Amino acid sequence: MLLKRYIPIAIVAFFGALTLSAWFIDNETIETFANDDATQFFDIIAAFAVFLGALNLLKLQFIKVLKQQSGWIYSAVAIASFFFAFIIGFFIRGAYFVGEDVYFSQKAAEAAILSSGSSEVVVPVDWGAHVQTDGSLFQWMFKYIFSPLSATMFALLAFFVASASFRAFRARNFEASLLLVAGIIIMLGRVPVGSLISSWTIMYILAFSIGIGINSYAKNRNIVFGWILGSCGLITGFGIIMGWPIDQPAIFFLPSLQEWIYLVPNLAGSRAILIGIGLGIVATSLRYIFGLEKSYLGE
Amino acid sequence: MKFLEDIILKLGEVDRRVIFVLIGLAVLIPLLTPISLPVRETPTTVKFYDGIEDIPKNSKVLVSFDYGPSTRPEIHPMNVGVLRHMFRNGHQIYISCLWPDGIYMALDALEEITDEVNPDNVSTFNIKEYEDYILLGYRPGAEAVIKGLASDLRKVYTVDANGNFIDDIEMMDDIKNLNDFAYIYSGSAGYPGTFEWVKYGGDPTGVPMSSGTTSVQVNEVIPYVQTGQLIGLLAGMPGAAEYEKLINVPGIAIQGMAAQSFAHIVIVLFIVFGNLAFFIKQRRDRKY
Amino acid sequence: MSFSAILGAWIAAFLTLGIFSYLYRDNPFYKIAENVFVGVSAAYVAAISFWTQIYPNLLGRLFPKGGPLAFTGLEFDFNHEFNILYLFPMLLGVMMLISVFQQFNWMARWGIAYTVAIAAGLKAFGYLNSNVLNQVSASSVDIFSGSLPFFSLGGDSVFNNIVLVVGTLSALMYFYFSKEQTGNFGRFTRLGIYFLMVSFGASFGFAVMGRISLLVGRFNDLIEYSSADYNYATLGVLVFIIVTLGFWSFQSPERKEN
């Protein structure tokens, strides 16, 4: 109990209180420890946590392979990929300089010197710098294996967003309609094509949409016809008088409208959410420090 | 009319793979047949540009690469543009990374700038490492790293990305912590990124800062722009395209705007069409 | 183009199109690419974390050149002095690694507790200052001074400021669940919901924008790899995947989705 429960709670209480109080207490020792060493400890433990994650991953995949559970072949692929990248990261420097040129191996670098007949020497990169060196084997693995996979996983979502737009986003009530209309205005107004859509086009679309709405409620053809004729006539008249400028009236010009929506009502909602999140985080952090919240223990 | 409604209803039940193909074509075709569309700057991008112009010439600036390959199309053009803008104004750039992939993004960005030549085949930017820029590298720890930088940079970085001791680098002589920078910029794709830089970097030190973010993050970050905690903002790929126009160096962000525009039109049509089918079905169900 | 670049392009094209093949249906190409991603990313992040943090900042401080622990034969010269306090994160880190064994999995709690503590201590002040105080302060806007126009689409105006204040207050009030949202209070919070819906709609629009941008980036890379410089990698891989998937779909009709 002491090791499994009370010491972790004491760690949270002590270091949490120390870090929080360092913002307010003007003491050099506390400030130096909290701002420098304590945060370094955090960084180091975070780095170890990454290794823990990798070990757990290997454990799960090995169990799947050894027990030949469904899809074990793919687990073998995951394990092989892990060790491939692990060996490149930890056991192969992968960066040997000959002047400014970089080669993956000592052999390749020496062969390059021989073939060019230069008097340069091979300079292997330092351990540690080999994972951050331009042209290294580690960077090759990053560029041609990790990078495409990571990018494509996220790019896949574009297709599902499109599918959801068609099949799932429904204007079932006023709030949902408001959400969709705001989304559409932002989507069109933020990209170049939005500035090619004339404000007069939007006005005509609006007039027809209101006509459809009137038809749903009034169910009187005369009223609907009268509205459409009247509104379109008014819009046409103003258009002729003003000479059909593409961005006037500005309130119907998509880029201007989206800017207003973005910087006024949207900002109000976002600010409220941000304040709410801030208050929630403060309350939760204090709960952790005071030991009221113990979810990190698995309780 | 009933015939039209029947067609709309039938199309509303189309296989989702047809939708995938349509959106794929909407993006691919404009990329294969380059179409130029006019880019219109938004106030937040102009504010961002002016914020960098207002930095006193030949200052020391911190640029943080806080993104990876998954968000490269949005953030990378911004960061390359920022580096161009900064080098053009004679600033010394100190590059840090809160994401492990950020270091490679930084290397690519620097390579793009150093490889650039003018029509006379002379390098546009004659920049040298340890004179014009230094690559500090990646450190794990998110906000703890920023807090450490705000206090004492040498506790976080003892060596740079090339393994050289920080104390041996002349460019680092006058740098003790974040207060010694004239400006902080973060190209951020999520956590850690803009929020952490604002909370633990910009706000406590008062150093002017700004950020370029992915489109997904823009709505959460905009309150910081209105309060002045961020001086302007580059919002996603359209923001990067606007910035490329302002610095007068068209790049891949502007090239991608046609594809972006057409894809948006297709998605808006999907939403309108899908809702049409929904209303027709709803009305028919109510009748019976 | 060097051999390593061409080989890399073919691998990148295969992995990219393998992931995209999921759009047709779940298939072996997708599963292979997915598992390669899982394995490589775990090792990649581990390597980066070790060489950029543990190696210079922990080992460099516990085993500095000429330090008291130099007798072990381990010396890492990063210009640090020996600091005994760093035995604490070393202990916690090793305990985290040992916790991979079932009977010792409680050992991870100490390291997790420390990270929770630091995160809580940092976030409590950070969020209070930046998210609450600064945002509340910015909500006090100019309405009565008379120096602003009544309405402006692009810049500051009295109307915009009123909308901002009313919107922020009403949306905040919506999240107050200690009072029943009925009557005038209910109407006010309903207004808050509308502002939140506009905000969510804008978020949706930006989310779509972000995803499409990522797709543009991937297609740009695939177009680059389809050139002669890379021996038409994209086209070669695409034909291979389509033919194989077509054959596989034909051979296994019982796996077809309903």
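Should a chain be cited, it is by its letter among A, B and C, assigned in written order, with residues numbered from 1 in that chain.
Just so we're on the same page, contacts are C-beta pairs under 8 Å (C-beta built on N, C-alpha and C of every residue); 3 or more make two chains touch, one makes a residue touch a chain.
Here the structure is a predicted model, which means the values were calculated and not measured.
Novice: A-C versus B-C: which has more C-beta pairs touching?
Specialist: Comparing B-C with A-C, the pair joined by more C-beta contacts is A-C.
Novice: Could you work out which chain's C-alpha centre is the most distant one from the centre of chain C?
Specialist: So the chain farthest away from chain C turns out to be B.
Novice: How many angstrom lie between the centres of chain A and chain B, each centre taken as the mean Cα position?
Specialist: Taking the average C-alpha coordinate of chain A and of chain B, the gap between them is 11 Å.
Novice: In whole angstrom, what separates the CA-based centres of chain B and chain C?
Specialist: The computed centroid separation for chain B versus chain C comes out at 14 Å.
Novice: Just curious, how far off is chain C from chain A if you go by their C-alpha centres, in Å?
Specialist: Taking the average C-alpha coordinate of chain A and of chain C, the gap between them is 5 Å.
Novice: Two or more other chains in contact with one residue: find those residues in chain A.
Specialist: Within chain A, residues 37, 39-40, 42-43, 46-47, 50, 128, 132, 142-143, 146-148, 150-151, 153-154, 158-159, 161, 165, 180, 183-184, 187, 190-191, 259, 262-263, 266-267, 270-271, 273-274 contact more than one other chain.
Novice: For chain C, give me the residues that contact two or more of the other chains.
Specialist: Residue numbers touching two or more other chains: 23, 44-45, 48-49, 52-53, 56-57, 118-119, 122-123, 127, 130-131, 135, 138, 154, 199, 202, 206-209, 212, 214-215, 217-218.
Novice: So which stretches of chain B touch two or more other chains?
Specialist: In chain B, residues 20, 23, 27, 43, 70-73, 137-141, 144, 147, 159, 219, 223, 226, 235, 238, 260, 263-264, 267 touch at least two other chains, as defined above.
Novice: What does chain C use to touch chain A in their complex?
Specialist: Against chain A, chain C makes touches at 4, 7-9, 11-13, 15-16, 19-20, 22-23, 31-58, 83, 85-86, 88-90, 92-94, 96-97, 99-100, 106, 108-125, 127-128, 130-132, 135-136, 138-139, 153-154, 160, 163-168, 171-172, 174-175, 192-202, 204-209, 211-212, 214-215, 217-218, 221.
Novice: Which residues of chain B touch chain A in their complex?
Specialist: Result: residues 16, 19-20, 22-24, 27, 37-40, 42-43, 68-73, 101, 103-104, 107, 111, 135, 137-142, 144-145, 147-148, 150-152, 155-156, 159, 161-163, 219-220, 222-223, 226, 235, 238, 241, 257-258, 260-268, 270-271, 273-275, 278 of chain B touch chain A.
Novice: Name, in rising order, each residue of chain C that touches chain B in their complex.
Specialist: My answer: residues 23-24, 44-45, 48-49, 52-53, 56-57, 60, 78-80, 118-119, 122-123, 126-127, 129-131, 134-135, 137-138, 154-155, 199, 202-203, 206-210, 212-220, 223.
Novice: Looking at the complex, which residues from chain A come into contact with chain B?
Specialist: Where chain A meets chain B, its residues are 31-32, 35-37, 39-40, 42-43, 46-47, 50, 125-126, 128-129, 132-134, 139, 142-143, 146-148, 150-151, 153-154, 158-159, 161-163, 165-167, 169-171, 180, 183-184, 187-188, 190-196, 255, 259, 262-263, 266-267, 270-271, 273-274.
Novice: Over in the complex, which chain B residues touch chain C? Could you list them?
Specialist: My answer: residues 17, 20, 23, 27-28, 31-32, 43, 70-74, 100, 137-141, 143-144, 147, 158-159, 165-167, 195-196, 198-200, 203-204, 214-216, 218-219, 223-224, 226-229, 235-238, 252, 256, 259-260, 263-264, 267.
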